[in-house]
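In order of appearance the chains are A, B, C, D, E and F, and numbering begins at 1 in each one.
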Amino acid sequence: MRPSKRKPDELRRVSIERAVSKHAEGSCLIKFGDTQVLCTASLEERLPPWLKGQGRGWVTAEYAMLPRATAERTRREVTVGHPSGRTQEIQRLIGRAMRAVVDLPKLGERQISIDCDVIQADGGTRTAAITGAWVALHDCIQWMKMRDMVKDGVLRDSVAAVSCGLYKGEPVLDLDYAEDSNADADANFVMTGAGGIVEVQGTAETVPFTQERFDQLMSLAKKGIGELVQLQKLSIS
Amino acid sequence: MRPSKRKPDELRRVSIERAVSKHAEGSCLIKFGDTQVLCTASLEERLPPWLKGQGRGWVTAEYAMLPRATAERTRREVTVGHPSGRTQEIQRLIGRAMRAVVDLPKLGERQISIDCDVIQADGGTRTAAITGAWVALHDCIQWMKMRDMVKDGVLRDSVAAVSCGLYKGEPVLDLDYAEDSNADADANFVMTGAGGIVEVQGTAETVPFTQERFDQLMSLAKKGIGELVQLQKLSIS
Amino acid sequence: MRPSKRKPDELRRVSIERAVSKHAEGSCLIKFGDTQVLCTASLEERLPPWLKGQGRGWVTAEYAMLPRATAERTRREVTVGHPSGRTQEIQRLIGRAMRAVVDLPKLGERQISIDCDVIQADGGTRTAAITGAWVALHDCIQWMKMRDMVKDGVLRDSVAAVSCGLYKGEPVLDLDYAEDSNADADANFVMTGAGGIVEVQGTAETVPFTQERFDQLMSLAKKGIGELVQLQKLSIS
Amino acid sequence: MRPSKRKPDELRRVSIERAVSKHAEGSCLIKFGDTQVLCTASLEERLPPWLKGQGRGWVTAEYAMLPRATAERTRREVTVGHPSGRTQEIQRLIGRAMRAVVDLPKLGERQISIDCDVIQADGGTRTAAITGAWVALHDCIQWMKMRDMVKDGVLRDSVAAVSCGLYKGEPVLDLDYAEDSNADADANFVMTGAGGIVEVQGTAETVPFTQERFDQLMSLAKKGIGELVQLQKLSIS
Amino acid sequence: MRPSKRKPDELRRVSIERAVSKHAEGSCLIKFGDTQVLCTASLEERLPPWLKGQGRGWVTAEYAMLPRATAERTRREVTVGHPSGRTQEIQRLIGRAMRAVVDLPKLGERQISIDCDVIQADGGTRTAAITGAWVALHDCIQWMKMRDMVKDGVLRDSVAAVSCGLYKGEPVLDLDYAEDSNADADANFVMTGAGGIVEVQGTAETVPFTQERFDQLMSLAKKGIGELVQLQKLSIS
Amino acid sequence: MRPSKRKPDELRRVSIERAVSKHAEGSCLIKFGDTQVLCTASLEERLPPWLKGQGRGWVTAEYAMLPRATAERTRREVTVGHPSGRTQEIQRLIGRAMRAVVDLPKLGERQISIDCDVIQADGGTRTAAITGAWVALHDCIQWMKMRDMVKDGVLRDSVAAVSCGLYKGEPVLDLDYAEDSNADADANFVMTGAGGIVEVQGTAETVPFTQERFDQLMSLAKKGIGELVQLQKLSIS
């Protein structure tokens, strides 16, 4: 029934390649099927002005797409002059997801900047970005540990994300572009390795949905995120 | 236990004053306690370029706060040069909520622009904005009906919104600023008069939460939105 | 002869409602007929960089219109990216008018920011804004006095403003939109409670006018501002 | 008494050099003492969109200063990103002054763009700009007449401008920078060759002034503009 | 003597991987040592407005770096609001280089947009970008040929680029970052497969250089570009 | 053969008028035929932030055209919001050229800002700008010497620039607009008084050119710059 022939609760093929950047303290290239996101974590000694002197650090995130990551070439946001609402929503979401698993006082007065650049898009770029960003973040914190810059416990848990949706009336896991652009509802879930909910965002695209439907989407998400968390563990081991 | 002495499932005092604008086709001033939002609906004969010639209309929304709507004066976004990420998130949310209950082909090739301007803020500005925006939208469509510009059925249902959160560990309905700034989790729900879910957004502010907690928030939201829908009905009758 | 049936030297009905904002140190909602402007005065401990260390304070002003304050919806300036020339002219004018009656050294190294937001427009928004801004400024300074932040004498006088114009060849006071959009000449006057001239701006809209005509406009302005000054006194008593 | 040793009612030395630009349809370099403004008038076949199809033309103006026109180097406005409030006020003033003497329907559906670029500044740049802009405008319209693009009567009159102010308590004509920066009040007058008033702008810089003082400034302005009008006539003859 | 132990006339290891993008009509990932640039060519049916109706097409280029392509994280240009001078110089250079080998009338009224995104930077990003852009352009034109959109002869020749410089007084080919940041002079050459010069840019970084030195740089460039042209041929065969 | 009847190796008539600005520390108006550029050098005690505390100064440059310097009126860059790529290329080029002959440590922790404003354009504005900028720079440094702010040796040499090109197949010196807009190739050369090369930029406009052709352009440039250096010397003596 799904264009990709996947079962309703089946993730796309996911791969995580670590240490792809010569320069970044942490990095990975994550693929959710044809969606490819390059994630880097950059340690910066400066903090945003409003955080100075409070004895804790910060994790922030930026997100962008290469112009031809999409089927039709997309105009660069720099030629428009500022990030679109969609871009800002996504980068705020990634930042919140990372901060949910970082002990900011233990990080010290430093900032880790996460960059998620979509090399190729086929649906689910924000969930791939979050899942990959955590690996880059982990490696950046490892880099700091090896230099005795931080102690244990900075990273409290892992965090991953997946989308679910109602496609032709049925709940399905990890929508690709062909599904996403025809879904009746679309939801993104961010959860920790321990199974706690960090973020839930669900939107009816055509008609309002019921709570029962929403519960089904959340169950699919739990299963999918459980598998992504295993892949993250494998990739950093 | 709540700073406002409200019961956990108690809304703030809500009032809706219609037809507050001399010029707008539809308008209201909505108050959720000390939060005050002026909502107007403006009929415009022009469509965004990407929608021309498709035989359907559009509903869009903009949101802003007056500089001294807040305890500390907030810088005007025009002096920054573009809307903040938060503003864009909220105005996209309001627009989606309105479009969820409008039959766009029946609207014809026209646009209704919703403006939600926060006169005074005390938490819950986006949920008050959505609830008030629907009243302004309703009156704008009535205005069109009286001029035989549209037939029945443009507006399929009502829509309202409320926030819920975990405050001192307990689920509470309709957070004011004092609660919101100390909440462990914060969720916004948008539902139709018929009880369908249009939008769900939940965020853990301190620690991840469980699905059980999330279900409790959704139950509170259903109750609260049910009451808001009654108030909307009263206000337009 | 006037569309509003007013006599040539008759102001519109003016009302001033004080303390309309929960947050601002000073505030009022002023109405000149259907023109409604919300004025707030915000005390800020920071100064513009070029004023630091000179032992005196500053009063600045910003002005904006809600999008549907006007008969046709006006585009928000934030979507353009910067304030229009008209907006900047008006906010500079309000700022100069307020500073003309404040003893800046006695204010101390602080800034008072005046915000004038037009809720509804029907001509004369800048003159209503100046007249209301003074009431908000007065209340802000009272707020400071009650906290022993300043001594007497910070506010040297009151200040108010009115427009006059040549409508169908005759000098008239306090133009509303119907008159303003058909006037042959248009002038704004800002005067103090003691009758001193702070600002005069006159423009020929159709054909140049004579000095005699200009003198008639100034006489009307004196009369009108005299009445506005009385209303200001009443409102703060 | 004046730093320049001029009498109270004495203009600076004014010179107007026509046809200084190889490319522009009309141009002049005007000097009011050490203030030098290059004025060009450019004929453009396109109209602003809001004017199309109305059977009349438009005259618009832009104003700028070279960075080192001033004693201290001034930052280019392009590096800030948009024209300052002062720049916009001045270019709107120049545009209104020119339109006051042009018969726009007779101009036809065309635009004349006036550019006033201050090469060197020593006070009175806006009044020099207006006085020179008229000469450039005149020559541009002559250029059109010679090509039978317009008939007689496009230019109804001449227009010129001068500043006056209260310096050390005395009314003086045509303030230079040394006077302007220490004046108690400052006013700009724009009048036609026939003596009609087009624009009056007066501001109290230190204390409010009386109507009597304002009348004295206007008398000085009449005298000065009378002389400038003679110089304009000489320059185009 | 070179930090990389290369001989003075030795290129870095160059690799070109074609068809790396699912969506783009032409694409490659080019590596000059640790410098990696993703090049895509996108066919667009719209032309820039100034080119419409002239019976010929256009090739344009955009260039950007991922934030962590560099040793220190670089701020995204979208957060500044517009492309830097350096970015604009480079994208203009790439565009001119591509147009030098394209028969624009034979392309028809279409635009090919080249995007060069630097994934990792280690010197020579603009020369790698040009060399890779040609491969993407070639494949885009092949894509069009296979659909009978164009005939033969659109692409007249190949084009490639390399940098040369004076490092510790000696002319060397293809500077990496370690060399480039310490070079006495730096030159970029763009040449066609047939050996014609398209673009020469040489800059003295420390002291002016002689014509003899410049001739040595050009000889190195010819040798290097000859090798790059061979690699391009291999990659597309 | 040349539209201007000049011989292939003949410069246009060049004139340099010094001290044209009342305010600037150094200034000149340079003319290359009908191309006129006003160059000023402004001494500023502040440095760009990234240079502070390094014991050396900086020379920077800005370049702009008056709107009607060109045959068709050009839109001001401030109305676009940022300098064009062309403008940025030119101002970076002028800055590099000046810094090539200044001993920055001897300048001390100060900045000299060069402004080149094109009053009238007829080809070769960037080469005229560089040649004139050096005279302004020289005079600014003289101004400092007379005040004992710097010692001898700040200015190591003179620097001048000229364009060459292939016009109707022949190498010619100092292209005017008529030639430039029809040239097959276009190159700009910046050289010092001692004959050292500071900058070389050559571009094929129609078809790639050979190294032999490029060498001929460089020979013409040497001759032309030799003459310009003599004129600079005369002008400052």
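Keep this in mind: a contact is a pair of C-beta atoms (placed from the backbone, for glycine too) under 8 Å apart; a residue touches a chain by one contact, two chains touch by 3 or more.
The structure displayed is predicted, hence computed values, not measured ones.
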Shortest contact path, subunit B to subunit E, counted in steps: 2
Chains in simultaneous contact with subunit A and subunit C: B
Identity of the chain that, by mean CA position, is farthest from subunit F: B
Equivalent interface positions on subunit E and subunit F, same or different at half: same
Rounded Å distance, subunit B centre to subunit D centre (Cα mean): 51
Gap in Å, rounded to a whole number, between the CA centres of subunit D and subunit A: 59
Intercentroid distance (Cα basis), subunit D paired with subunit C, Å: 28
Multi-chain contact residues (two or more partners), subunit F: 81-83
Chain-level touch network, classified as line, ring, star, complete or other: ring
Chain order around the ring, beginning at subunit D and proceeding next to subunit F: D, F, E, A, B, C
Complex contact set, residues of subunit A against subunit B: 81-85, 88-89, 91-92, 96, 100, 187, 191-192, 194, 196-204, 207-211, 214, 218
Residue numbers on subunit B that touch subunit C, as the complex places them: 21-24, 27, 34, 38, 40, 42, 44, 62, 64, 66-71, 73, 76-79, 81-83, 113, 115, 117, 119-120, 122
